[in-house]
Amino acid sequence: MRVTTFGEIMLRLTVPDNKKLIQTDTFQANYGGAEANVAVSLALLGDSVNFVSKLPENELGNAVIQKLKSFGVDTSAISRGGNRLGIYFLQPGIGNRPSKVIYDRGESSFTASDDSDYPWKQLLNETDYFYISGITPALSDKLKATLLSAVEFCRNHAIKVVYDANFRGKLWTPARAQQFNRQILPFVDICLVHDEDLEQAFGLQAFKSTNHQAIDQKASFKQAMSTLTAHYPNISTVASVLRNSHSVQSSQWMGVMLTGDSFYESPIYNVAILPEVAGGDAFGAAIVHGILNHFKPQYQLDYAIAAAVLKLTIPGDFNLSSDGEIKAAMIDDNQTISR
Amino acid sequence: MRVTTFGEIMLRLTVPDNKKLIQTDTFQANYGGAEANVAVSLALLGDSVNFVSKLPENELGNAVIQKLKSFGVDTSAISRGGNRLGIYFLQPGIGNRPSKVIYDRGESSFTASDDSDYPWKQLLNETDYFYISGITPALSDKLKATLLSAVEFCRNHAIKVVYDANFRGKLWTPARAQQFNRQILPFVDICLVHDEDLEQAFGLQAFKSTNHQAIDQKASFKQAMSTLTAHYPNISTVASVLRNSHSVQSSQWMGVMLTGDSFYESPIYNVAILPEVAGGDAFGAAIVHGILNHFKPQYQLDYAIAAAVLKLTIPGDFNLSSDGEIKAAMIDDNQTISR
Amino acid sequence: MRVTTFGEIMLRLTVPDNKKLIQTDTFQANYGGAEANVAVSLALLGDSVNFVSKLPENELGNAVIQKLKSFGVDTSAISRGGNRLGIYFLQPGIGNRPSKVIYDRGESSFTASDDSDYPWKQLLNETDYFYISGITPALSDKLKATLLSAVEFCRNHAIKVVYDANFRGKLWTPARAQQFNRQILPFVDICLVHDEDLEQAFGLQAFKSTNHQAIDQKASFKQAMSTLTAHYPNISTVASVLRNSHSVQSSQWMGVMLTGDSFYESPIYNVAILPEVAGGDAFGAAIVHGILNHFKPQYQLDYAIAAAVLKLTIPGDFNLSSDGEIKAAMIDDNQTISR
Amino acid sequence: MRVTTFGEIMLRLTVPDNKKLIQTDTFQANYGGAEANVAVSLALLGDSVNFVSKLPENELGNAVIQKLKSFGVDTSAISRGGNRLGIYFLQPGIGNRPSKVIYDRGESSFTASDDSDYPWKQLLNETDYFYISGITPALSDKLKATLLSAVEFCRNHAIKVVYDANFRGKLWTPARAQQFNRQILPFVDICLVHDEDLEQAFGLQAFKSTNHQAIDQKASFKQAMSTLTAHYPNISTVASVLRNSHSVQSSQWMGVMLTGDSFYESPIYNVAILPEVAGGDAFGAAIVHGILNHFKPQYQLDYAIAAAVLKLTIPGDFNLSSDGEIKAAMIDDNQTISR
Amino acid sequence: MRVTTFGEIMLRLTVPDNKKLIQTDTFQANYGGAEANVAVSLALLGDSVNFVSKLPENELGNAVIQKLKSFGVDTSAISRGGNRLGIYFLQPGIGNRPSKVIYDRGESSFTASDDSDYPWKQLLNETDYFYISGITPALSDKLKATLLSAVEFCRNHAIKVVYDANFRGKLWTPARAQQFNRQILPFVDICLVHDEDLEQAFGLQAFKSTNHQAIDQKASFKQAMSTLTAHYPNISTVASVLRNSHSVQSSQWMGVMLTGDSFYESPIYNVAILPEVAGGDAFGAAIVHGILNHFKPQYQLDYAIAAAVLKLTIPGDFNLSSDGEIKAAMIDDNQTISR
Amino acid sequence: MRVTTFGEIMLRLTVPDNKKLIQTDTFQANYGGAEANVAVSLALLGDSVNFVSKLPENELGNAVIQKLKSFGVDTSAISRGGNRLGIYFLQPGIGNRPSKVIYDRGESSFTASDDSDYPWKQLLNETDYFYISGITPALSDKLKATLLSAVEFCRNHAIKVVYDANFRGKLWTPARAQQFNRQILPFVDICLVHDEDLEQAFGLQAFKSTNHQAIDQKASFKQAMSTLTAHYPNISTVASVLRNSHSVQSSQWMGVMLTGDSFYESPIYNVAILPEVAGGDAFGAAIVHGILNHFKPQYQLDYAIAAAVLKLTIPGDFNLSSDGEIKAAMIDDNQTISR
């Protein structure tokens, strides 16, 4: 079984030592992007995975490939060329100060790429699962078209499509997102929807109250997920992380999953609010890993939420947790982990 | 409207990485002092402000001026000369270990300065608000005299005086502080009193119980503030941060303000105990900013406590928060902030 | 009054910045080991102490000696020679990710040492207390024999033996530990037993429930400690740290001590879970310090738990807290410390 | 007397610790650009200077302004808006490995700016000298037009134009550069020409031999400079740094200047090859400083080459040398400096 | 064409910032070893290469594999198990202070490995060149036997053997080295001999004078190399770096090569004495790369010395220079490189 | 044989990474001072040495003592109290930029100390050599008196006095230095005179030409040293480092010594100009070490210059070279060292 993930990977420049950007004269550098993060997770868990993207023909592009190869991701299908590697600056939050992101991804090699860079027939030849996210279509119309041609190819060649809605308000509006998603959802087999995705990306109401504590509103999330699969019966599984944020020091995380008619809930984790990102990508990768390795649904979900929570403890975008470490972090229902 | 702040600015040498001083072979360096911190806050919020002080004629003095200028503070009235820049070493606390400060500010250019360094007539010519604190009179008798001549000048020229009591037990005794404060309070228009100030600096009882949780004793603080304005009817506004410390991981912060007969209370913030300083200076600056910009009292107070809480997240003495960031951190009453 | 501690000291290489080992290209380096940690604590508290061990004849051995001397530990009895300094890699935990230790201590100069390296008659000549731990016998059979000959010497020369059970599951099995401990316990005067020690090292049941929250099971710990002294009436004092771990952000620590028939309990400290180690060594050193300086039992225990809690805030293996700092950290019963 | 400099300022991300880019996970960050560097030099030397450019409306733009203000540059005329701040990555060379630059400056706010961003009539109102370089016209046709309209304004308002040829082979070809320079040179009063500029930017032969040691070919540089002023009699002064590179550890630097009919030569400095940049900008700023302050030509040139050589010792793009430090670094003819 | 390299790879812990080991509390960490360095060089130059060794089954072993994979080395044949990863501490020299190495490689997984860990028949199945060095036989008798069985397999299967003599005085004596080398040299096709190797490892006199400036004694090196191939006609090529060290700031490097009857000499490079290592491995890898890619002998040698000289500028053990960078560093005979 | 050294030790705050002070937000911290440096050198070489000074009763004072103890210096005679630890800021030079020192040592505990802090009778009870320098009398009149009473005590008790002239133009004038030195020289047995000392501190002409290359003017140094011992026949030995500075990359160092009538010269070392300090203290310590250990004069001098040259390679003020490392760095006459 082989997975192909497709999307943009960027240089992340992180302000260190709790400083604000205007205070720093150094940046931490790492490389990441939703679909690349998923590829790394899968490779580290022992699955066969290649990453498709377009990178500039310079040292920054080389550095990306070197990093991906180090974790065992197949990078041979990455297209080279174009102007530049996309960058984003991250000023991590602390205490009552939220994280701040500055995108500098315009005119990147990936954003400017199009169908001609991705010969899907050849690229997806040996693939069983094709993993994409709602970030890519937000970047350009050409990438919208590329994605649609790719999922159509998948439909025709029995390749399962995993779609992480991943709504980004800095890249497009809910209206434009919903318009595109109505086009792609008929091709999707497994759908990931975190946070605002059901509402912003799909136009389904999930938050009934104003406080936006998702775990407290589990029932309405379940309702919205059921509505989704009713509309798109091709979607066999919908999964989501739900979060409550109680104070500056603590939040709670859980996973929910609708598979066919069955609704699964993971245990709830107490989580210190750490400044790291990409917990959702770790969750999505683990959901796919569970499918590839025939995990039972409840175990698959419990494994995925443990992977997500562990990711938050690891600097950078990649979830460097091993299978053993994820299993050790899994907890019984209604029980907090103790160290 | 223009503000002049007057006081000492020092080099702070901070022990990094949670080490103790005897473990470190590096120090983090920044520059700060109560009144300079206020000047930087006001400049960043767009107010016109100059800072008056005395600095040595060497690279350290140059570095202070460069930093202040970078944030837009007018430094043209700073006197140069004298022996040295004051220094303080900060060993930040963590967990159950409290922060420790070692003052090395003796014989500084500012401490040794006197009235001849500060031609008030010229310095305060275009000023509307004069911001000072109880640290300056604690440094020398000459500075006591300088301060008193300055506030007398202000009284005669309709310049409002803002006085932050800022009692420092390492610099003088409560008895000596109270003696001086009886001289200066008749000239004060706006008075800031945090923590122990009402008791140590003014001789008014604020803590009725031994546990020193100020929010729990809000009523007696209100009482003491009323007593203060009854004694000194020239004081139109008294404001204070109140704090509860519940455990090593959490405290609560709120602001209270008495303006004329009206007593205002801000919402309460849950705050992780961070090792940073100068929350009170950020509060004081924001109170003044509110006056300059005609904020309504409740909004002024809510804005000020948000500024104070944000400051704790920023390394160094200066509150580098923008107006937009402070507004985004403001919360409704009885509601904790969520990220 | 003079204390001799005997054991291995290693180079600790710590992964910095919350990274995983595979992410780092730097290590923090410090030196530590249970018995050396105790020696440093005692020296810093003003007691006379020497440390006995074996170190390689190279720069790493020199560095260890330099560090110990800097804190006032007498290093003149350390044997030099053998192959190498033991190393352990520490990947500190954060949030839901536990700490991970990789031992690289095989074939160290100390592990390969034997009785001929330690002329006890000469080394213990002026000693009043001999401090050892259950780590040493876990390293080799030769060290088991060395320890037994040393404690026999102590018995014959009225030197008190302090034994910290310090069970390490990575070094030996409970069965082998219990077998050895049956041999050494008849020579022990003061016994320290943390965490799993009563069960793993001595075969006594302390945890009655599965949740392993020791403070909640104080009664059964007391029972097990009484059983121990009933078996070995030579043991005049048994002391232990007990811990509850409630969530990723908080735990509770207390100390308990059985001296003769009297059972003492310290106040309970709220402790943020910090990634540091060696709180137990700080506790043990403080217990011994209390004996040397004739502290009353309750004060001795309260002092020791404050020392342990402070240690967790200090990077490295050594507790660099002064007597004044420990006293300042002591709290009344049922009262949390406030900053 | 007031100077206005106009051009692009970028974020420079420097690979630290002699690493290659693919090895690093941190970058040193500073801000610089030829014309901004000149502005900082002049401000530090006490001249009145403003910098005109266009910066994005985000934290990176704010950081640039903060830095410029800290050194006393007037930033009030900087336009805000557009997509992004230009970036360049610098991998400094060492030993036999040359430095490598990766430009990531496409679509920057400055590159995309045009005449409408720069109301020259208002911006140059109080200016006496307008400082520009050949980098700006290489960026876009709109900037070529902007520059030409600006220098025409200068000609009509008796503002002297200083033009640093600054040929950049990564931005345009010699042919395109020469075509533009034929348009602008008739407006130039003071012309700076380093290294390849006479040949690449102006089409004049300066290097007669293949070894490209400029000091050894001083005579032909002098010849080419005379040819330039013969063609463009409006150019009153031409100045250049000349360099010999003898080995990986040493090079030699000198300055030459043609003013009217007089040719001046500075002493020759022995210079270790340091990985820093912007020596030419420091030279140009000092030439202008000399004019503003009525230095005699020989002293002006000697001062400028000392400034250039000092700059190489200072990390970042700005020459933070004071007037006193530059004077102390000046040497007599034919004499090397000793420490 | 495929290369297999076989040997030990270790963790190198480097003292940073020109400190001595006893001053540091951090170490730089990288992984390296002669044969692994060669593998990385070849992979980066585009050749197909796998590395055979034995690594412990822990995070340190994982980190080694991750690093090798990142550069494209095939790590699938690496055996896992044993006690530990070998370590060496490097205290780099500066000025008149030489570098110092402390080996801590005893009992490593590789040192304790034997023939059963390396099924040569399977491992060398598709290999054309087998690259080994004189470090491996110095580690243990079992590794001597393993090497001899491997080269015998090579002889029988037309696999060329490249042997870098790499004498290490800290691991064995010249007498023992010469004894082993007499056994292996009959199986060697290409032989690399740097510095003392001809004398210490092979017993041939190369240095005629006491000053040990190898370039000055090129003739006697040539003589010794001819003697070697006369004894072992199976050796088709002998190559060596020769060095002169003139002062603390400069040395000179050249390469010499005897192929059949032809003796080749590279140009001479002026090299600042940098504290890095593994120039010889870069040279050896480039010699092999030249063979694989059919370089003419003179070009092959010139390319190899440029690779060696570039390596010295790159932190860590691996030569991360690209083919383009090596070519750019190549100089004409008798000409120093200029930047 | 025991040595006592007496003088000030300060906190040195060094600007890192070749930055200027106004660029840095970190400082490297170490502790040093001429006489403390000598004490550390002697202790590391195995001699018995105590250091006498006065330090403040705070963490900075504790840190100094900890550092001295770590190297084996007896610190038991250090007086505690007073205001502060002296500080000096060091901005190291690079290339053509010289080092810059900012003293912040006014009102230090040592500077304010007097005879009552130093009970010489008791402190010098077991001492054979008393090591002082011309820095101490430059600090205050009270310290002048203290020094004179100490050397008088030495004269009366057969303790040899070693005096390093150590003229500091930032602390006093040549006239004042010469006045004091006329008082102390009659008590001196061994005199160290580097650089400008003969001229500035003693009023003897040593530099005959303006270029201040001391090695080139060896004859006139010899002449001045003879004049000194003719005036003060109590001085049995005069020793000095002589330096030539040829360029920014290289200088030459040698030692000269006059003992009785015999004049000794060391070999000449080529030295890269490193930014470190305290080579002269290392030289002085080694001269004393040679006396204590009965080195022959030529060997003593050769050893001392090797120690001085090695010191320059070691960060901080202390010469951490071992006896073995010094011996390895010794070179034959007229021969440069090779690595």
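Order of writing sets the labels: A, B, C, D, E and F. Residues in every chain begin at 1.
Assume a contact is a pair of C-beta atoms (placed from the backbone, for glycine too) under 8 Å apart; a residue touches a chain by one contact, two chains touch by 3 or more.
Here's who's who by UniProt: A, B, C, D, E, F = 2-dehydro-3-deoxygluconokinase.
Just so we're clear, the structure is a prediction, and the values are computed from it rather than from any experiment.
Visitor: Considering only mean CA positions as chain centres, point out the chain farthest from subunit B.
Guide: E
Visitor: Report, in degrees rounded to the nearest 5, the angle of the rotation taking subunit D onto subunit F when the C-alpha atoms are fitted.
Guide: Rounded to 5 degrees, the superposing rotation is 120 degrees.
Visitor: Scan D-F, C-F or B-F for the interface that duplicates A-E, counting it as a duplicate when over half of the contact pairs agree by residue number.
Guide: Repeated interface of A-E: C-F.
Visitor: Examine where the copies subunit A and subunit D touch and state whether the two sides share over half of their residue numbers (same) or under half (different).
Guide: Same: when the shared numbers are divided by all numbers used, the fraction is over half.
Visitor: Quick check for the class: compute each chain's Cα centroid; which one is farthest from the centroid of subunit C?
Guide: In terms of C-alpha centroids, the chain at the greatest distance from subunit C is D.
Visitor: How many Å are there between the centre of subunit B and the centre of subunit D, using C-alpha atoms for each centre?
Guide: Using C-alpha averages as centres, the distance is 44 Å.
Visitor: Could you pull out the residues of subunit D that touch at least 2 other chains?
Guide: Expected reply: 20, 22, 25, 66, 249.
Visitor: Under the stated contact criterion, what part of subunit D meets subunit F in this complex?
Guide: Residues 249-250, 269-272, 274, 309-310, 312-316, 320, 325, 328-329, 336-339 of subunit D touch subunit F in their complex.
Visitor: Which residues of subunit D touch subunit B in their complex?
Guide: 66-67, 69-72
Visitor: Can you check the complex and tell me which residues of subunit C touch subunit A?
Guide: Listed in rising order, the residues of subunit C that touch subunit A are 17-20, 22-23, 93-98, 211-213, 245-249, 273.
Visitor: Can you list the residues on subunit B that touch subunit F in the complex?
Guide: 13, 16, 20-22, 24-30, 58-60, 62-63, 66, 83-85, 87, 89, 91, 100, 102, 104, 106-107
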